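Take a look at this one; I'll ask things after.
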Amino acid sequence: MATEHEAIPAEDSALYGHELRLELLRLMLLHRLTEERVMALYRQGRISGSVYTGRGQEAVGAAAGLALGPDDVVAPLNRELGCHYARGVTPAQAFGNFLAKANGPTRGRDGNMHFGVPARGVFPLVSMLGDLCPLVVGAALAFKRRREPRVSMTFWGDGAMSVGDVHEGLNLAAVLHVPVVFVLQSNGYAYSTPTARQMLNPSMAERVTGGWGIPAETIDGTDAISSYTAIRAAVERARAGEGPQAVECISMRIDGHAAHDDGKYMDQDRRREYLERRDPIERLLARLRLDGADDDDLAAAQSSALAEVNAGLAEAESWPAPDPATLADGVYASPLG
Amino acid sequence: MATEHEAIPAEDSALYGHELRLELLRLMLLHRLTEERVMALYRQGRISGSVYTGRGQEAVGAAAGLALGPDDVVAPLNRELGCHYARGVTPAQAFGNFLAKANGPTRGRDGNMHFGVPARGVFPLVSMLGDLCPLVVGAALAFKRRREPRVSMTFWGDGAMSVGDVHEGLNLAAVLHVPVVFVLQSNGYAYSTPTARQMLNPSMAERVTGGWGIPAETIDGTDAISSYTAIRAAVERARAGEGPQAVECISMRIDGHAAHDDGKYMDQDRRREYLERRDPIERLLARLRLDGADDDDLAAAQSSALAEVNAGLAEAESWPAPDPATLADGVYASPLG
Amino acid sequence: MAESTYLEAIRAGMVDAMRDDQRVFLIGEDVGHFGGPFGVSKGLIDEFGAERVIDTPIAEEGFIGAAFGAAWVGDRPIAELQFADFISCAFDSIVTIGAKTHWRSGIALPVVIRAPYGGGVRGGPFHSSCPEGFFAGTAGLKVVCPGTVEDAYGLLRSAIEDDDPVIYFEHKGLYRRLRGEQPSPETRTPIGRAHIARSGSDVTLIAYGAMVELALRVADQSTASCEVLDLRTVWPLDREAILSSLARTSRVCVLQEASESLGVAGHVLSLIAREGFELLDAAPVLVAAPDTPVPFAPELEDFYIPSVERVEAEIAGLLGY
Amino acid sequence: MAESTYLEAIRAGMVDAMRDDQRVFLIGEDVGHFGGPFGVSKGLIDEFGAERVIDTPIAEEGFIGAAFGAAWVGDRPIAELQFADFISCAFDSIVTIGAKTHWRSGIALPVVIRAPYGGGVRGGPFHSSCPEGFFAGTAGLKVVCPGTVEDAYGLLRSAIEDDDPVIYFEHKGLYRRLRGEQPSPETRTPIGRAHIARSGSDVTLIAYGAMVELALRVADQSTASCEVLDLRTVWPLDREAILSSLARTSRVCVLQEASESLGVAGHVLSLIAREGFELLDAAPVLVAAPDTPVPFAPELEDFYIPSVERVEAEIAGLLGY
């Protein structure tokens, strides 16, 4: 079954050493395994609210996170857990948010992927799609005016592309010529709405270039290595003063929109194609095998990722629930007398 | 002096009979003469608030208004008084709004160009730039779903192009494929901000096509006849079911942003060029003369426009001021209990 | 007589209105074959087709602005938000075009904005809020919050027939929990009129939305004779109904799910302070959520949302007066 | 000692803050060489350059969102709106990111949003409004409305130094009309603290913004001893100051330029109803604009905006009690 997956092209892979490829693998595995755990906990009724997964898109978040430098900042959305991990966010922190624990990144105040870790330069997702676009443009503006060689990044999907804030942010970025990178997740659907019903020309890269004058490349979002190559290059162009950059990553949302959604409205042939032949983890594993990686090493990578996830879950489960008496703490950063 | 103005190309003009050309002339004259009166009244302190003129852009509003059919609807901005006039709005109604009279279209509740005349299918301008774009898209959606052969239209400038609502409206129009026409007024400035500081690629037509997939033509906005040809064609394409259309009209805002603004930040050479060689009224007059129009006829057109404006002002001045006792009338269309 | 949930009553209200009036259509995100995030519009597209059940791209300001445009030319659109929280994205169009157009120019804009709101569903800060207070107080808008199955239907039908923009806040927590007799197609709940859900003589409990259920539960259990006034329309307020209930009980407790300083309690208490002062034997009290966003953790949200115990304690205070 | 207008005090507040702290910059539309529609930022670009006085395209939600982003990475931006009315276009970013981020994640967002507001300038419905009420009540935001030259400077300096988002409503009508001693660079007005602008014993006039001037005029002319309480910060309210003034006078008239059901009077009266009930000898009264948009015609606007006469009539009623 795994073997059926199309291996990542050899020439791309050859650009990098084994370490980077293993790191991409590790991040994707952490992402996949965390979400599998989260779904199981959700079905057991131990996680409230809803659960959104990035299944089938793990390559993008991992590659984007690794493409950033230590002082860069990012505002991920909810299909990019691997980006959090690349920044040094821990599985315990992720589980702590899903489980609404007092020691989690939002102290139980927000749930699922709605969290950030300030110390890691990660801004917490807000649900209102589009809002994070002007936000990261502003961070990039600050870097530019302070002459700091730093870059900001955010992500959005084919659905969020329609929101007015995205237009305002893209145009500000272009006119102010700031070091920001936009990673566009073209995964076929916005909730139940296919990309073709979200925009007339489904190429977000063409739209971003034609509408706002921002250079944009389209790449295969199931290929962790070419995703890394393209996003890394965009980050470095931005850092070098070439202004805003965009990378459109084509993939498919394998699961429904969220845990409650079976996605039966989806194109099931395309879904099967991505599930059985274009799984980003399997595609990288296939490449590593063809490049002669030792099966034991690959097995070890998977079991250590699993161990890391299990340890994180165990730690998060040991944390207390938040104390209602603390609910109003921190409404203000400068409390009033 | 008038003779220095570049006549409108003969071939464009030859497409139409004398009546249409005279009607364009009449509308532009009414627009120009009304605003000259309004500025004078403002300087005398008889008009409150502020005054925005369309000087140098008269061709666009007149052409766009004439391009619409009787059942079409339009939401003009504040450089398009000629569009109101083309729809049958009277000078008395315009003056009645500037002078805040009880019989004016907003009964003194709003001022300057902030008025509409429902009976003429004209929606009242709201200041929040961008808001009118989704609005006219919705009107077009209604026409489409009711299978009525009607078109809606609005205008916006190089500044309003940056507002999120414009993005949402353009994308909705494209995806829903509705009969709407967007007339883009590229007049060089947004308040004090030149177009080049408002967007990276100053061609709004290229942006609208590249970003949203909406066909867009760029024309000379000081040429009333080619403006009419292009906008009329766009209206008929929309009516024929070809979806949203855009026409970008290049001109220059001759006056400052508003009465209080001397526009000294403007490119004075370009301003002089437009003032002395590209005045839309003078350009049409020059063409009419070259086509052998009788000077007496042209003089008559001007004096009758002046008479119409003076009569409108006199009528509006005869109207009473609004009665404060009526202030709360009409807050609700269905008043409570 | 057939039974109906609150959610089914909303769906029936849309279906009956769309059958009665060709000008009525539904517009929003995923409202078509998917039926919206809560399935409220499930099946509508099968009966009415894609021209009257219109899926849009993600653009709240855009499709609500478009709804106003369709209303301008004679339609009566229903615009559905996926969650009321996202009404912040359409705020400008609602207060600028929706609220001011008729007063400025006499153009009526009969648009109903359906906004699924409220907590108790573990939605966290962005999927649980009660934003009605952002609009209550704005001249030209009407805001309704049905708290019963009958009003879910009756207020929706009245809102669709009303010539003004009406924001219809439907409570997510009541969708399937609240059951009642299936409203008849003639059912209309007058906009602007509160309703005495329970009459009593010791204290008036003023509530709306999900708090009506809570107030009735308190009234059932209480040794005091509680009058429950269901506001139904939270803007503009039914001044007479509020003051005449106070005249009867001379004690009042205002219940609100929204945080203390949002919602409509401020308007109600401001009215009571100015016009009900002499009617009262005790200072009016308020039971509302604290002034924070809606928390996600069950331990926090259960503390956050007003409870029977908190209302009972306030009533005890009022009567011990 | 040198004199300053209200407008000059705002400009001086920006200049001094930008001199003292490199993290402070100004962003908005036409704020650079043009100096903004009212010239408030005139000259700043000459001293601080285009990297600290940043012109943007027309995108309120965009540049305010960008200001929050700059604050996230350590800057302290001042975002200028051309007219407060356009804050409706940035509503989502303010209540979603501005208000909730610190509570959710501990990231402070020190942004000051300068919003020129208020009527009497013949601006009509879209250039005269008082939108402070849309934000008063939202946890995580702070809202200030200076009513004096000293507070124009002192509240701006304090707002810039505050770690929370502060919406600073500067009154267009006071820009050049209000003159006073030029505030010293040390001047700070504490956020969250009201100020007794005039002490008195018969009645408390609670006011903010341009209504402070009106209240003082009434106090000067009145035969009654009027205490004028200038709220200065309209959200969160200074509870103690309001209640202790009521304890002294036991009569209160709330003044508000905003229409009756917007603004902050509802919050003040709600507080008074719940916590000041026993302090009062008479029902509190409100003088505010009617619940309509701001009209353009001078005849209408002069009737619309609260007047000395209306306040005097209410005071007479209160004392005739």
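Labels A, B, C and D are assigned to the chains in the order they are written; within every chain, residues are numbered from 1.
The working rule: a residue touches a chain if its C-beta (ideal position, glycine included) is under 8 Å from a C-beta of that chain, and two chains touch if they have at least 3 such contacts.
All values reported here derive from a predicted model rather than from experimental measurement.
In summary, the chains found to touch both chain B and chain C are A, D. Identification of common neighbours of chain A and chain C yields B, D. Taking the CA centroid of chain C as reference, the farthest chain centroid is that of B. Interface comparison, A-D versus B-D: the higher count of C-beta contacts falls to A-D. One inter-chain figure worth recording: chain A and chain D are separated by 41 Å, centre to centre, where each centre is the mean of the chain's CA atoms. Remark: chain B and chain D have CA centroids separated by 37 Å (rounded to whole angstrom). Centroid to centroid, with C-alpha atoms defining each point, chain C and chain D lie 31 Å apart.
Centre-to-centre spacing of chain A and chain B amounts to 46 Å, using the average Cα coordinate of each chain. Touching of two or more other chains is recorded for residues 106, 109-110, 114, 126, 128, 130, 162-165, 168, 171, 175, 197-199, 331 of chain A. Within chain C, the positions touching two or more other chains are listed as 57, 59, 61-62, 88-89, 92, 96, 100, 103-104, 125-126, 139-140, 291-293.
If you draw each protein chain as a dot and join the dots that touch, every dot ends up joined to every other dot.
Within the complex formed with chain D, the residues of chain C that make contact are 88-89, 91-92, 95-96, 99-100, 103-104, 125-126, 133-134, 136-140, 235, 259, 261-262, 265-267, 269-270, 272-275, 277-278, 280, 282-286, 291-293.
The part of chain C that touches chain A in the complex is made up of residues 29-30, 33-34, 37, 55, 57-59, 61-62, 82-83, 85-86, 88-89, 121-127, 290-293, 295-300, 303-304. Contact residues of chain A toward chain B in the complex are 130, 162-168, 171, 174-175, 197-201, 206-214. The residues of chain B lying in touch with chain D in their complex are 48-49, 100, 106, 108-112, 114, 126-130, 159-160, 162-164, 190-193, 197-199, 265, 321-324, 327-328, 331.
Interface residues of chain D, counted against chain A in their complex, comprise 25, 51-52, 54, 56-57, 59, 61-75, 77, 92-93, 96-97, 100-110, 139-140, 142, 162-164, 190-193, 236.
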